[in-house]
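This structure is in structure tokens; I'll ask about it shortly.
The chains carry the letters A, B, C, D, E and F, assigned in the order they are written, with residues numbered from 1 in each.
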Amino acid sequence: MNGAAKMPEPAALLTAEKIHVWRGERHVLRGVSLKVESGRLLHLFGPNGTGKTTLLRVIAGLLRPEQGRVCWDGRPIGEAREQYQSAMAYASHEAALKADLTALENLRYAVGMKRRASETELRAALEETGVGGCADLPARVLSAGQKRRVAMARVLAMRASLWLLDEPYANLDTSGGALVSRLLEEHLDRGGLALVIAHHALELGRSIDRLELSP
Amino acid sequence: MSVGVLEAMSLVVRREMRLAFRRPDQLLQPLVFFLIVTTLFPLSLSPELSLLRDMAPGVLWVAALLSSLLSLETLFKGDAEDGTLEQLTLSAQPLVAIVIAKTIAHWLLSGAALVLMSPLVATALAIPVGAFPTMLASLALGTLTLSWLGAIGAGLTVGLRRGSVLLSLIVLPLAMPLLIFGASATDRAIGGEGSAGALYFLAALCVFTCTLAPFAAAAALRITLE
Amino acid sequence: MHRDFWAMGGYAFFVWPSIGLAIGVLIWNILSARRHHARALVRARRALAMARSETT
Amino acid sequence: MWTWFYKLASPPHAYRSAAAMAPWFLAAAAVMIVYGLVDGLVFAPPDYQQGDAFRIVYVHAPSAWLSLFAYTTMAVAGGIALIWRIKVGYAVAAAAAPIGASFTLAALATGSLWGRPMWGTYWAWDPRLTSELILLFLYFGVISLRQAFEDPARGDRAAALLGLVGVVNVPIVHFSVYWWNSLHQGGTVMRLGKPHMAPSMLWPLLAMLFGFMCFFGAVLCMRVRGEILDRERQSAWVRELVGA
Amino acid sequence: MSVGVLEAMSLVVRREMRLAFRRPDQLLQPLVFFLIVTTLFPLSLSPELSLLRDMAPGVLWVAALLSSLLSLETLFKGDAEDGTLEQLTLSAQPLVAIVIAKTIAHWLLSGAALVLMSPLVATALAIPVGAFPTMLASLALGTLTLSWLGAIGAGLTVGLRRGSVLLSLIVLPLAMPLLIFGASATDRAIGGEGSAGALYFLAALCVFTCTLAPFAAAAALRITLE
Amino acid sequence: MNGAAKMPEPAALLTAEKIHVWRGERHVLRGVSLKVESGRLLHLFGPNGTGKTTLLRVIAGLLRPEQGRVCWDGRPIGEAREQYQSAMAYASHEAALKADLTALENLRYAVGMKRRASETELRAALEETGVGGCADLPARVLSAGQKRRVAMARVLAMRASLWLLDEPYANLDTSGGALVSRLLEEHLDRGGLALVIAHHALELGRSIDRLELSP
């Protein structure tokens, strides 16, 4: 039942090769390649509208690129769909919470599809991200930062080895920012992989990889 | 520790139930609609019972069809808008299973409720009690088939800008046979004639869609979600 | 006479349920109004208790 | 004059005067209803057309009439509250709604039971019947609209507004028998000039009508007290009241 | 430099038009619904023209009512969800003006379109051409009144969790007289009788709601938004 | 047609006195008071969920407080509704854009309710916030940062003297952050007032007021 026990073999590897995406008339991603290894974090940054979110969605498998491919442990994610998805947790720009369910229920139904998680575990995850007190409030009434924290708790509770996070620092107060950094560090310590979009420099007390998208 | 398909499906069904009871309007909406359509009709006619009885099967079935259709629009839409559908598709569970679970939940929450309520409406429409079994059976089969057809339509149209119109355009032609056979079964039962033929046909249609539609709906969803 | 009265000229099946129903509605109204007031009192007491525990 | 009015409508004053009035209304209602029922069911002669079935009128007409009266009360109280910001008005409106709904239900049910022997059917899509059903829906709409708001103050205002808008249905119910040719019979009692009824039948009916009205006054007072208490939970006078 | 009320209203109307044509489904949805209801009905009946003609006014009016009602749900909802309604209420323009503009736009986009399409449907329902003028006039008056009633309902229920059912529950009772008089006007016109009385009544109802409803709807919106 | 010409008399003043708000069972705002004068900025900050957004909505007049009042130039905003609203621009957590309208159309219909603004002016505002190139794209396809910039352009184009901004820095890249700071400075230079929620310290090269909400 310990988080560390569920962590991946050190061989885990995410690669993306020469990703091309057009949106409308715009060639948004022009041959982006990247690689994330076990225990490493890739910080994705660049001006607004350069395609960071688009790239993350391609990597999550939500968007099929016009060219190029994404591989997990050497196999294209389309083929190894189930393994890939159970090893991955994605947090988008929006918190992706059902407004009418409580924070806890949101976690239960989202995490429950990937692994059996007891209620105490879920509550602990919410506690960890600082929204234990909101566990039984409907997501509708939560503040922007609280929603973001619940989304982070969902990532945490999924115990995935690959984290794909789209601006996890947005809307968070200073303690929230520190919290996300700490969670990321612990995740990397466990041998996890992370791909994080953020507009400011990440200070994690360890070396990280950086990839800049330019307009 | 990983979650089996059946377990995941039951989780989805429970989620839908919880949501529905948290938002009773989604639950009541089709029923209220059904009630209202059937109440309004007699009002707009001169109050002759014979005319009413002639129309009753038509009113009943059209109302059932429409109220089913209305609730189908929201089958995937809410989830698509708040981003939870993305989370569901990334949940390492087969999309078909998710679609099946969601559709079953939808039928339990709209179709089944509608069938249970139909005797009340039927009484108000002066349908004789003797015709109730046929009516109930045909409505149950019909709404279930319709939920499956609707799932295909909803899958194809979620996220599309012209979603709702397309949904009606896609589903209604498919639903036409349902309406004709369902109404005629009820009609014959009211007239005291045998309606087994129409019922068998409805049952066959239902089995047919139940086996094929989940795959079609999942494929449709995959196409639109890309 | 008694028989006749209860039979209501053959309409007993319609008359008596109507009367019963109306009386039922009257009684329900009284009971529910009293319950309503009693519950409001309980809630008011609770609010007072909460306020007192906060200030002390 | 206005200050006097506001004082009268101040919650503590309304709360106390409702308590004072309720027993009187209840006593008057009891006397009249008992007299009306006994005289109407036992002593009044059977109708020459309808036989004893006509006795349903003694509960049907008062319930039906009260269903309209309660709605009007609710709408007027809500309107006053909305316009002059008199909080007690919301309490009255909220209290009248369930009472009115219950009598609407009674009118529908007793009417149905009467319809079977008279028209051969429990229900017909007749204007009077339908508009009474609509009245029930309106009551439900008002009640559930009030409950749909998480914030009670907003629920009160929204319900008051809907009540005001829906008041157009009241004349429709009442006049539907004249505007459309209807199964339901036209006014027999509530009619200007001479009522079309033998006095021996009429007296108990009038007694029932006024008895029901007094009853409405009594339950309204009782309910209003609960509503006021709820709304004023945080105020000093309620604390004093329940603290003692 | 500040913007007059009329100017602001015309801006809102233009905005709604632009949005509707950008999302043709919102435009077509009520029409398609109207078409479908009216075509499904004859299908569910034994094909006797006389029966069809007896039912025609009822079918026509119920379909018009329902399709109007369905589109009313979105009158303020979309704007409330994406936050633009907030911006509108903070726009230094009177709320009544905004409500009037939105409702007029709504009627132009749903009611008026429906009226224009009704001859087609009427032909399919075997309504004689002689009855068309009455039918058109009554539908135009009826849908306009309904838009106003609906604006009140939509204002009262926007943002509520049980919004859609409540909306039907609120609007339909109010709309009943419309249905009764509208259908009876059409019915009498089909039968070749004079229908001026019913039309006058509808017109009176329309004028009445047009004058009072904007204020009620604005008040409703103010209560729910606050 | 010059922006400076439209600016308020120096007397403009916003005050809020003893604001109390309950949400559900929570007493979110417990007697908050504040004052913003012409040419001043008030930076509102504090942990997630402490009621910053709630307070801003009260001040915008979107939420009626259970107690307390908000005054503009000495008059309660409920009474001086029209003057207040035409002097005020509010940008919420969400960008409040119609997804199906283009960025430019969104501006046209929102700004046009407050003042007559020509298309060139609106385009200039979009250009100024760095989204001139997206003016004719539907808001639906814009990236998170681009939406935020369009919302900022709307505030700019309204030429209001009071700006109420809820986390205007969220989702913006570094240049976007600098841009918002510059716009705020210019606004204050013109004698404008601003109330800004932000989780990080604002560096504006001038003295600003600060108000912390605590849990």
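Keep this in mind: a contact is a pair of C-beta atoms (placed from the backbone, for glycine too) under 8 Å apart; a residue touches a chain by one contact, two chains touch by 3 or more.
Values in this document were obtained by computation on a predicted structure and should not be read as measured data.
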{"item": "Partner chains shared by subunit A and subunit E (touch criterion as defined above)", "value": "B, F"}
{"item": "Touching subunit B and also subunit E, the following chains", "value": "D"}
{"item": "Between C-D and A-B, the pair with more C-beta contacts", "value": "C-D"}
{"item": "Remotest chain, subunit E as reference, centres from CA atoms", "value": "A"}
{"item": "Rounded Å distance, subunit D centre to subunit E centre (Cα mean)", "value": "32"}
{"item": "Distance from the mean Cα position of subunit D to that of subunit B, given in whole angstrom", "value": "40"}
{"item": "For subunit E paired with subunit F, centre-to-centre distance based on mean C-alpha positions, whole Å", "value": "37"}
{"item": "Distance from subunit C to subunit A - Cα centre to Cα centre, in angstrom", "value": "58"}
{"item": "Interface hub residues of subunit B, defined as touching at least two other chains", "value": "23, 43, 45, 161"}
{"item": "Per-residue multi-chain contacts in subunit C, two or more chains", "value": "none"}
{"item": "For subunit D, residues contacting two or more additional chains", "value": "130"}
{"item": "Full enumeration of touching chain pairs", "value": "A-B, A-F, B-D, B-E, C-D, D-E, E-F"}
{"item": "Subunit A contact footprint on subunit B (complex, rising order)", "value": "1-3, 8, 11-12, 14-15, 18-19, 22-23, 82-84, 86-93, 225-226"}
{"item": "Interface residues, subunit C side, partner subunit D - complex", "value": "5, 8-11, 14-15, 17-19, 21-22, 25-26, 28-30, 32-34, 36-41, 43-45, 47-48, 51"}
{"item": "Subunit D partner contacts - residues on subunit E that touch it in the complex", "value": "152, 156-157, 160-162, 166, 169-170, 172-174, 176-177, 180, 216, 219-220, 223-224, 226"}
{"item": "Touching residues (chain side subunit B, partner subunit D) in the complex", "value": "39, 42-43, 45, 47, 49, 52, 123-124"}
{"item": "Subunit D residues touching subunit B - in the complex, by the definition given at the top", "value": "121, 123-126, 130, 133, 183"}
